[in-house]
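Here it is, the structure, as structure tokens.
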Amino acid sequence: MSAGEVGTVERAAVTGRVAARRARRRGLRDREWLWGYAMIAPLVLGLGVFYLWPVAQSVYYSFTEWTLFGDATWVGLRNYERLFADPANAKALKNTFLYGGLSLLGIPLSIGVAALLSTRGLKLVSFYRTLYFLPVVTMPAAVAMIWSWLYNGDYGLINYLLSLVGIRGTSWIANPSTALYAIVAVGIWTQIGYNAVIFMAGLQSIPDQLYEAAALDGAGRVRQFFKVTLPLLSPSVFFVSVLGVINGLQMFDLIYLLFRRGNPAREETQTVVSLFFTRAFEEGAKGYAAAMAVVLMVITLALTVVQFRMQKRWVHYA
Amino acid sequence: MRNGRLWPVHLVLAVGAAAMVTPFFWQVLTSLKTFTESTRMPPVWIPSFEWSNYAEIFDESPFLRQFGNTVVMTAGRTLAQLLFCSLAAYAFARLRFPGRNVVFIALLSVLMVPGQLFLIPQYQIIQGLGWLNTLPGLIAPGMFSAFGTFMMRQFFMTLPREVEEAARLDGAGPLRIFWSVMLPLARPGLLALGVLTVLWSWNDLMWPLIVNTDPEQMPLSAGLSALQGEHMTDYPVLMAGSLMASAPIVVLFVIMQRQLIQGIAFTGSK
Amino acid sequence: MTGKTWALVCAGALVAGLAGCSSSDGGASGGKVTLTYAYWDNENQGAAMTKIAQEFTRTHPNIEVKLQFTPNKEYWTKLQTAAAGGTAPDVFWMNGPRIGLYASQGALLPISDQVARDKVDMGKYPKSLVDLYTLDGKRYGIPKDFDTIGLWYNKDLFDAAKVKYPDASWTWDDVRAAAKRLTDPAKGVHGIGAMAWPQELYYNTIFQAGGYVISDDKKKSGYDDPATIEGLRFWKDLLDQKVSPTVQQMTDNDPIEMFKSGKLAMWYDGSYDAPQYARTEGLDADVAPLPAGPKGKATVIHGLANVIYAKTEHPREAWEFLKFLGSEQANKIQAESGAVIPAYEGLQDSWVKSMPELNLRAFIDQLPDARPYPVSKNTAAWSAPEVDAITKAFSDGQDVEAVAKQFAATMNAALSQEK
């Protein structure tokens, strides 16, 4: 066997191996779709069974009269006609939008907290952050109890503090004209910490050079904030506001926990979801309730689309 | 806001933090009062340390049992979500297969639906499985998450393709690549999803209320709601109960703070 | 063996306290059958329910009863969800406001035939309750307990204000006068609590004023009737005179808690809350019959019934259990616990004696004046808006008459939807 021959054999072996690898890769590519399906299968199955199928069922039931225990009978659009004729729905929808909209008021506060916490050279940052974050991790059931006690008209801390400065408080969550705002305040309280963390991350991603450049142009801190910080923070603001609106629209836990029987403010605070719950589970009109849920779903979807459209106008992706 | 004196910053932050924490201070203070003390104005600032408010919780509800249920429920849901969501998310992010985008968008549509809509059909499924008033029944629907999938997919998309490409040249299959290459790289994402799921699961209320009505099988959130049903406006007892139910997760948060913050920051950055 | 002889043997075995009957014709031939029994009050009645279930299994060794407790607030949600899924508990508690909906939608097993066959004497239970659970001529439940409303009062506050304790001779005027004298703003004490609760408060005064909530044919609301409005105005006047805390205050601080802590001198409440008033330390309270209104005396009577789920897999065993729940023996266990007045005739005495420090006889003495709790087929469709409307009527600056009349229209619309 000559050396040259050996070389040829080796070369052949190498070519062979490369070819085999290529072949294997091609085979793999061919079967990539199979792998894909296999990997999404458990999740698709779970989400399909527990979430998507229920949605499909509800859409179907929204066209039926589905009483408590009986079978559903097809009634066409009747539920939807009733739905638009019922003034309670208009009110609930208005409240729902108010919750969604007012919850955005927390955003400037969160940005403020985030900006302060991002101050260069500041100590105790993680200490402050922990305190601001506590409400986020507290159970909603506990939050409801704590606040209904704080808001208590006779023995609540809030009214006591107000009395020190000579203001007579009210029964904040039993008074129809304050209850909704009282709940919004609780919502903001629970979200400030969460949103501040998102904004802090957004602030960190803003390169220092931009500030320096602005400073060279003679911009003061306030101008820097409006000219540099805010525009570059807009993706975070966008994210937080989308989330805030969706959460506002689906507001339920707090209302369910705070408003017991005979609360004078109940009507004034009802949201679409809490009304849905009343209709479906207290009054036994499941078909009608399904129609309400479908409408809410469409509204949420539409709003999200609108928000995404509008983001082009004001969100600057660096 | 760089340099300069920092005391104004501290002042503003401290005042804000005080406002954030006052409700908890009031909660703790009230939980140590007698009912009469709690209804006195001006408030009693030094309570008579009525520990019996706490004892009452243990007397009336199987608190430790409910604590155990909550831990098992939270762990079960979290581990399942981490596995199922990341597995599917990798496929959605990197593998090509027909119908990928359609399926993905269909799954995301779940996020637009008010949760109460799922209640009855989910209940029927759990009932059909004979899982009412059991821990599996409590856990099952929460094992799958559209949000988690979305989040992990975003995360996988930020990872460089080169590492994967190398592994592929070595002949690794998608599952191997996912398991031994991508998953380790996705640790921050997994941690983020994990802490968020823990938080959500621990505080989840509506599903447990419906599916597990036996106090022995309830998690703490439902147990707390039942407590309110019995004590109405007896705030010292309610404050003691709410404090005990939410304390474990608060402690966990203080320990895992860094991961939680990173997790949340990540969800916001995409 | 035919069904009839079988039932006879069963009944015989029950009477003799011997081993019960097995479900030999069911799927679980000869095997053990487990029934689920759902209820919502564990604090006051859990012990009695457990004892009744044990007693039943002792006499029916092949039937085990699993108790399923659900807090009141979630009970109906849970039951409805379960029933929609086709498997509710076999036997469960039912109340007046819900019976129409559940029975008319076929969720409950009619028991008329079983009652006739086993010769269950429905005459042993208050007639208004038996009627409450009879729909379109079909029986659906055996009464479990009943409750009436009484005037609870705080003896210490009465002594301090030197007001004579209420008795059976009292009228609305006495209440008004006493409420005024008992109110002490400096101590945060109010004479009475005028909360917008139907069963405990305004239904009673509506009846006492000669008004009605719903017409006998269940087609028309009574809220536009002047007498009904007078019944509401009784409370509104007390609120306007500030001898009651505002509705808002009583939302923040449950009036039951207020009465327990000595902030209310008088309080209309049901017999079912007797145990917690007896138990409260530092509260020296007693109870009197409700004062008479312009048209005499009246109290709302309501009571729960035990019912069987229509799709139960063990109708035979469920019926045996239901019969036992309605038996004198089971009622006796309830009576001794003191939690509720048992529905079975002749057992009220043992309930009255269960808390000798309280004049519980006041609740029983009112039975001749008792008026059934107003219901229709879908009570919830109008009763939830009703509470909202009356709450509004009781709020500051609202005109009771206008709100009531407006609600009458809403209620009539809801009633016209019923088939």
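As written, the chains take the letters A, B and C, and residue 1 is the first residue of each chain.
The working rule: a residue touches a chain if its C-beta (ideal position, glycine included) is under 8 Å from a C-beta of that chain, and two chains touch if they have at least 3 such contacts.
Computed from a predicted model, the values in this text were never measured in an experiment.
A complete topology is adopted by the chain contact network, contact being made between every pair of chains. Chain pair with the most C-beta contact pairs: A-B.
If each chain is reduced to the centroid of its CA atoms, chain B and chain C end up 39 Å from each other.
Mean C-alpha position of chain A lies 42 Å from that of chain C.
With each centre defined as the average position of its C-alpha atoms, the distance from chain A to chain B rounds to 14 Å.
Within chain A, the positions touching two or more other chains are listed as 152, 154-155, 286. The set of chain B residues that touch two or more partner chains comprises 39, 120, 225. Those residues of chain C in touch with two or more other chains are numbered 77, 81, 84, 252-253. Within the complex formed with chain B, the chain A residues making contact are 21, 24-25, 28, 32-37, 39-40, 42-44, 46-47, 49-55, 57-58, 113, 115-122, 124, 126, 128-142, 145-147, 149-150, 152, 154-155, 157, 160, 189, 192-194, 197-202, 205, 211, 221, 235-236, 239-240, 246, 249-250, 252-253, 256-257, 272-273, 276-277, 280, 286, 290, 293, 296-297, 300-301, 304. On chain B, the positions that touch chain C within their shared complex are 35-36, 39, 119-120, 123-124, 127-128, 132-133, 209-210, 213-215, 225-226, 229-230, 232-234.
Taken in their complex, chain B has these residues touching chain A: 1-3, 6, 9-10, 12-14, 16-17, 20-24, 26-27, 30, 38-43, 83-85, 87-88, 90-92, 95-98, 100, 103, 106-107, 109-118, 120-122, 125, 140-141, 143-146, 149, 168-169, 171, 173-175, 178, 199, 202-203, 205-206, 220-221, 224-225, 228, 235, 238-239, 241-243, 245-246, 249-250, 253-254, 257, 261, 264-270.
Looking at the complex, you find that chain A touches chain C at residues 67-70, 148, 151-156, 170-171, 173-176, 260-267, 278, 281-286. Considering their complex, residues 76-77, 80-81, 83-84, 101-102, 105-107, 188, 195-197, 246-253, 310, 378, 380-381, 384, 387-388, 391-392, 394-395 of chain C touch chain A.
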